[in-house]
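Structures incoming, each one as structure tokens.
Next come two complexes, and both contain chain A; in the first it sits with chain B, in the second with chain C.
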Partner chain A sequence: MEGKEVRFGPDTSGLFATVTTGTSTGAVDSMHDSFLPVGGLVPLFNMELGEITPGGVGAGLYGILVFAIIAVFIAGLMVGRTPEFLGKKIEAYEMKMAMLVVLSLAFSILFFSAVATATAAGKAGPLNGGPHGFSEILYAYSSQTGNNGSAFAGLTGNTLFYNLTGSFAMLLGRYAMIVPILAIAGSMAAKRRVAESLGTFPTTGPIWVGLLIGVIVIVGALTFFPALALGPIVDQLINNAGRLF
Partner chain B sequence: MALAVIDTARGSRRIAREARQAQAGHAPGPRNRGIFDPKLLRGALGPAVRKLDPRQMMRNPVMFVVEVTAALVTLIFVSDLVGLTSGAAREVGRAPAFEFQIALWLWFTVYFATYAEALAEARGKAQAATLRKTRSETPAHRRCEDGTFEDVGSSALRAGDVVVVRDGETIPGDGDVIEGVAYVNEAVITGESAPVLKEPGTDIRSSVTGGTTLTSDTLTISITANPGETFLDRMIALVEGAKRQRTPNEIALSILLSGLTIVFLLATATLRPFGLYAGAPLGIVVLVALLVCLIPTTIGGLLSAIGIAGMDRVARFNVLAMSGRAVEAAGDVDVILLDKTGTITFGNRLASRIVALPGVTEREALEAALLTSLEDETPEGRSVVELARKRLAEIASDGPGTKAATPAAVTTPAEAKVATVVPFSAESRTSGVILADGTVVLKGAVDAIVAALDVKAPPELQTLSDEISSLGATPLAIRRNGRPLGVIELKDTVKPGLKERFDELRRMGIRTVMVTGDNPLTARTIAQEAGVDDFMAQAKPEDKIARIRAEQADGHLVAMTGDGTNDAPAVAQADVGLAMNSGTSACKEAANMVDLDSDPTKLIEVIAIGKQLLITRGAITTFSIANDVAKYFAILPAMFVVAYPELNSLNVMGLARPESAILSAVIFNALIIIALVPLSLRGVAYRAAPAAELLRRNLLIYGVGGIIAPFLGIKAIDLLITAVHLA
Partner chain C sequence: MRTFIKGQLWPAVAILLAFTVITGFAYPAVVTAVAQIAFPGQANGSMIVVDGQTVGSSLIGQSFDDPKYFSGRPSAAGAGYDPTLSGGSNLASTSQALIDRISAQVDALRKANGDAPIPVDLVTASASGLDPDISPAAAEYQVARVAKARGMTEDQVRAVVARHTSQPFLGFIGAASVHVLQLNLDLDGLLR
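Now for the complex of A and B:
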């Protein structure tokens, strides 16, 4: 029970961790570092998707809207019309801005984690070795980029290196996303509304939900899949084999 | 995967055209060239190599990345081979034999993409070559200022010149007829060998196209286009793809693809420090393999081929789109304005009803109607004969609906006894026959018939004819000697099959609006009969523009067809304007598409082609991105097999060795491009259906299929290359 919320037990600790990272809350009632690796994977994954999992609460709303725009664009063509979302055409400008958001998220998390794993100052941070230590680094930048506020624990973050890189991650994670999203909002607001008909791409119902999840998983999650494989996934697999870090 | 199902309506139309051409002793020609003409397949091999030029590849960021990585792996291979470099101790896949194969398949990936584009272009060029033959220098007789004529080459003609063209000569350039009446063979443009009548001042029939030939008489033509700017020139440039510009949707899609490429570049590049941290040195070759598999090479490689093939499909359908943008816009259209006359109806009046007056048997009225028209060779007359015979046959076989007797078998006893034919004259406004026994049987304008009656016309005659006129049809009265027998209703008929087409459009979410100059009552009748969603009665050209603007303000995209000069502003205002080739040059200039066969209902097919183009693009994009899932599962465990053998539990496909897994993924990635070339050139099967249904179907095939296919494909390739010991 080390690191768990002892009053409510491991179940609610897990639930709390999921909710706090799925939304952009960031409060913690337990040490995520103490979870099984697969338990640490969930909050990591939640933040790397842009804190959108419960449908986009708080700042997560714009995250899921960007994914919705990308989903409409990729699959929307399959109904034989140029893509539209909420009655507005999705064109080159919106696509550029949406990709900028996806790129900023990926860049901030992956680039700073890469710098940390490649420098002595960065390598000094993690408490644990091996893949678990890597998860600690990855979590730090995922949380800071997502402006989540939760900490994995285990990483000695109060060093010049982590404070500096972390603050850049926070800046990028907030403004490199909000600015293009506002640009999309402005561009879409100025557009003529397209009338709805039977030929309009449906953005409600189970098919749309399935499609949106598919795009989030493929575009959002696959970006981080290699990193996650080297962190919590292999960590868990090695744990299963009876080795700990 | 269902590769191509030709829409049945379209298929039968094509068959009809081929039959027509065969009848006219005219080979189907290049418009019906198959997708896999071996000559074209071979012809594209060379141009595809030239397209590998990095300066050209730059325009396609996804394939440019592949080309750069192919060059990089080739370099590493050469350097490792001669012993200049070698891999780290625990590096996966650092052997010249493996590097060579990866490099080879990366080059294939790029080449398959350029080949697809070259093949699409070759098909357009083959079509253009036939057209170009007609563009050769033709002699022209130009009128000088003093009224004499001088012989010059067609290339010396400028807009505003006046030329004379005689029987058998080729018209030297696009222009308008200002003098003379003649037949012109336009087969080079339309594929239709029946000559077309050209005369001045008729709006529709006065425009001529360079390259077509006169088959009778002499025309004086005012040239309207400079050499190189004629209709034919533009058509050649377009089908060749020479002036191809990327469409807005293609640009937006390229941005998405480039964005994804950068994201995956980031994901693979950071994997090297992550790997080093984990004690797994990852070589560039392996990272490159992962990168190329993840970036959307399938759609990146086929994107331009899809666009060229879409334009080509429109051209094969004998519609000339001025830009790819127009074809794309056609897919978005949700309101169509169609002219009534000539588009929805045949435009000539045919007998639809023969009504007997009180006290007259139907049989009597029908026989009289038949007699009046036996010698009448006009379409109206023939339709009266046809209708009367049909009804008589029904009566003879006791009741309507039975098809026991054939109409032609029914003859009236009186038929043989026709003595004199009374032809129609503008003065009498009647026509008919005088029988051997002196009986006069006539049909004609109601007032003209009434004036010649011996008895007072029954009031029913007037009410009946008023009722018929009020519906926009024309009543003709029939009399035998001095006695009125009945009324024939002549009506403009709706073309068969249109109602089904409009139903189809409705299912696609497209509203049809009929435009007519008729009164509202007539318009309503025809509108109901044709099954259009809405109509505009007593419409003037200004009303059309106003309607288009109103629809556009409500967020609709509007398509319309036109041929006359007064249609031009509305055609220009519409999002998709389809002009008839028989139309005036003003209208053709205003349009963004021209139908060479001058068949206004083709607008419906053009919309279907536009939608098919977008669906093809979307389907291959979805397929390409969905493929990534399997590739991760193939490559990631293989990459870290030394550092973290535990990750092998992600090797769900059970691939034999790390090298074979990586190689299989790269080979699959290359082969899928070539496998999808036929689909991208032909287009995804399109059925008229609501968006939700199309999405469900295509998402299942290309989305779910896109996730599953590579698992099977990569496993199969792995088995194969393991069997032949390639890795």
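Now for the complex of A and C:
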């Protein structure tokens, strides 16, 4: 119950944390920093997936559209046809832009976290010791890149170092995503509609849903698993072993 | 130039002015008016008034140290229940500082209430540091102490506790809670 209100209780607090990070809401009704490590892992991973888990609400819509484009591309590779999405051909240009979005998300979160853990100014931030301190740093840049707003609030963020790197993470999180997505939109709008054929991969139905979820989870897990393993996962194992910092 | 002024600049300025009036003045005025007319209590801070004197807000917890009052949860807000410094401890489950704080709190509770198992919310600080509630288990844990300090029977105290216990919304959203300030006011016979 550390960091939770009685009237909300542990279960609604956990639900609130999941929803607020699955979307780009960022409001909190409990202190995420005091969750058990695996409890903190869920909001962290939600933001690192691009805040698209409930299907992409608000600004999450363009996030999930990028993943839809990557998913039709992968499906296209599997059946050996030019992929199509919403009646438009997906070609090299769209794929490059979609990958730019995915890579800038990962770059902004992981690069700035790495810088913070490698510099004295960055290491001065975390309140908690051990791997939980790294989780605090990782959460800060995940939240700022994803424009979420929730925090592992133990981190002292109001320093020159965190203000500067955080502002760059926020700039990247917005513009390094919006610009390539607008480029995709412009390029697709200029293309002629192609008629549906037998080779068109249907973007409805359970196979599509499974493929899309698979792409989102695999891209997110492959990109962020090493960082999560150093943060909340090892933190939980140390917690179970009863070691304190 | 003329087409620029007529075609772009004027619409932009007109929309700026229109939205300044609508979102800057009209909308807040309407929301304030509706709130003050339809929900005056909530709009002014859910204040609890006893005999014409405001004793607190039902949303903001206060600290009680006297054994004849039910005490609330530990608070990380300033020196404790400081509404200008609302916040949690942010300590992790692997934090030595958290374990030390909980151990000290356990010792203090044992000294005041005896050796019964201690409900977890009485040794953990809330997210806001201003939690106005305790769990029903935490209230039950303190019933014997309060009854003794007041010379009441335990069942009399339990009846007052029951009056200030709220069930979860729709039965499953949130958790049951006991409102500490209202409970203590009622014990003093100040609520009617």
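Here is the rule we use: the second predicted complex is superposed on the first by the 241 of 245 C-alpha atoms of A that agree within 3 Å, B and C clash if a C-alpha of one lies under 4 Å from a C-alpha of the other, contacts with A are read in each partner's own complex, and residues count from 1 in each chain.
To be clear about the criterion, a residue touches a chain if its C-beta (ideal position, glycine included) is under 8 Å from a C-beta of that chain, and two chains touch if they have at least 3 such contacts.
In this text, all values refer to a predicted model and were calculated from it rather than measured experimentally.
> Please determine, from the superposition on chain A, whether chain B and chain C clash or fit.
fit
> Could you tell me if A:130 is touching chain B, chain C, both of them or neither one (first, second, both, neither)?
Both chain B and chain C are touched by A:130.
> Would you sort A:201 into first (chain B), second (chain C), both or neither based on which partner it touches?
In the superposition, A:201 touches chain B alone.
> Could you tell me if A:79 is touching chain B, chain C, both of them or neither one (first, second, both, neither)?
In the superposed model, A:79 contacts chain B only, not chain C.
> In this superposition, which partner touches a larger number of chain A residues, chain B or chain C?
Touching more of chain A: B.
> Looking at the overlay, what does A:31 touch: chain B (first), chain C (second), both, or neither?
Only chain C is touched by A:31; chain B is not.
> Does the superposition put A:6 against chain B (first), chain C (second), both, or neither?
second
> When the shared chain A is used to line up the two structures, what angle, as a multiple of 10 degrees, is there at the CA centre of chain A toward chain B and chain C?
About 150 degrees, rounded to the nearest 10.
> Just chain B (first), just chain C (second), both, or neither: which does A:245 touch?
second
> Can you give the closest approach of chain B to chain C, taken over C-alpha atoms and in whole Å, for the superposition?
The answer for the closest chain B-chain C C-alpha pair is 15 Å.
> Could you give the residue numbers on chain A that contact chain B in one complex and chain C in the other?
130, 238
> Which residues of chain A touch chain C once you look at their complex with the stated criterion?
Contacts found on chain A: 1-13, 28-31, 33-34, 36-37, 127-130, 132, 152-154, 235, 238-239, 243-245.
> Quick check: in the complex, which residue numbers of chain A touch chain B?
My answer: residues 70, 73-83, 87, 90-92, 94-96, 98-100, 102-103, 106-107, 110-111, 113-115, 117-118, 123, 130-131, 134, 192-195, 197-202, 205, 207, 210-211, 214, 218-219, 222-227, 229-230, 233-234, 237-238, 240-241.
> Where on chain C does chain A make contact in their complex?
Residues 73, 87-96, 98-99, 120-121, 124-128, 131, 133-135, 138, 166, 168, 173-175, 177 of chain C touch chain A in their complex.
> Using the touch definition up top, name the residues of chain B that touch chain A in the complex.
248-249, 251-253, 255-256, 258-260, 262-264, 266-271, 273-278, 290, 294, 328, 331-332, 334, 506-511, 554-557, 610-612, 614-615, 617-619, 621-622, 625-626, 628-629, 632, 636, 640, 644, 646-647, 649-650, 686, 690-692, 694-696, 698-699, 702-703
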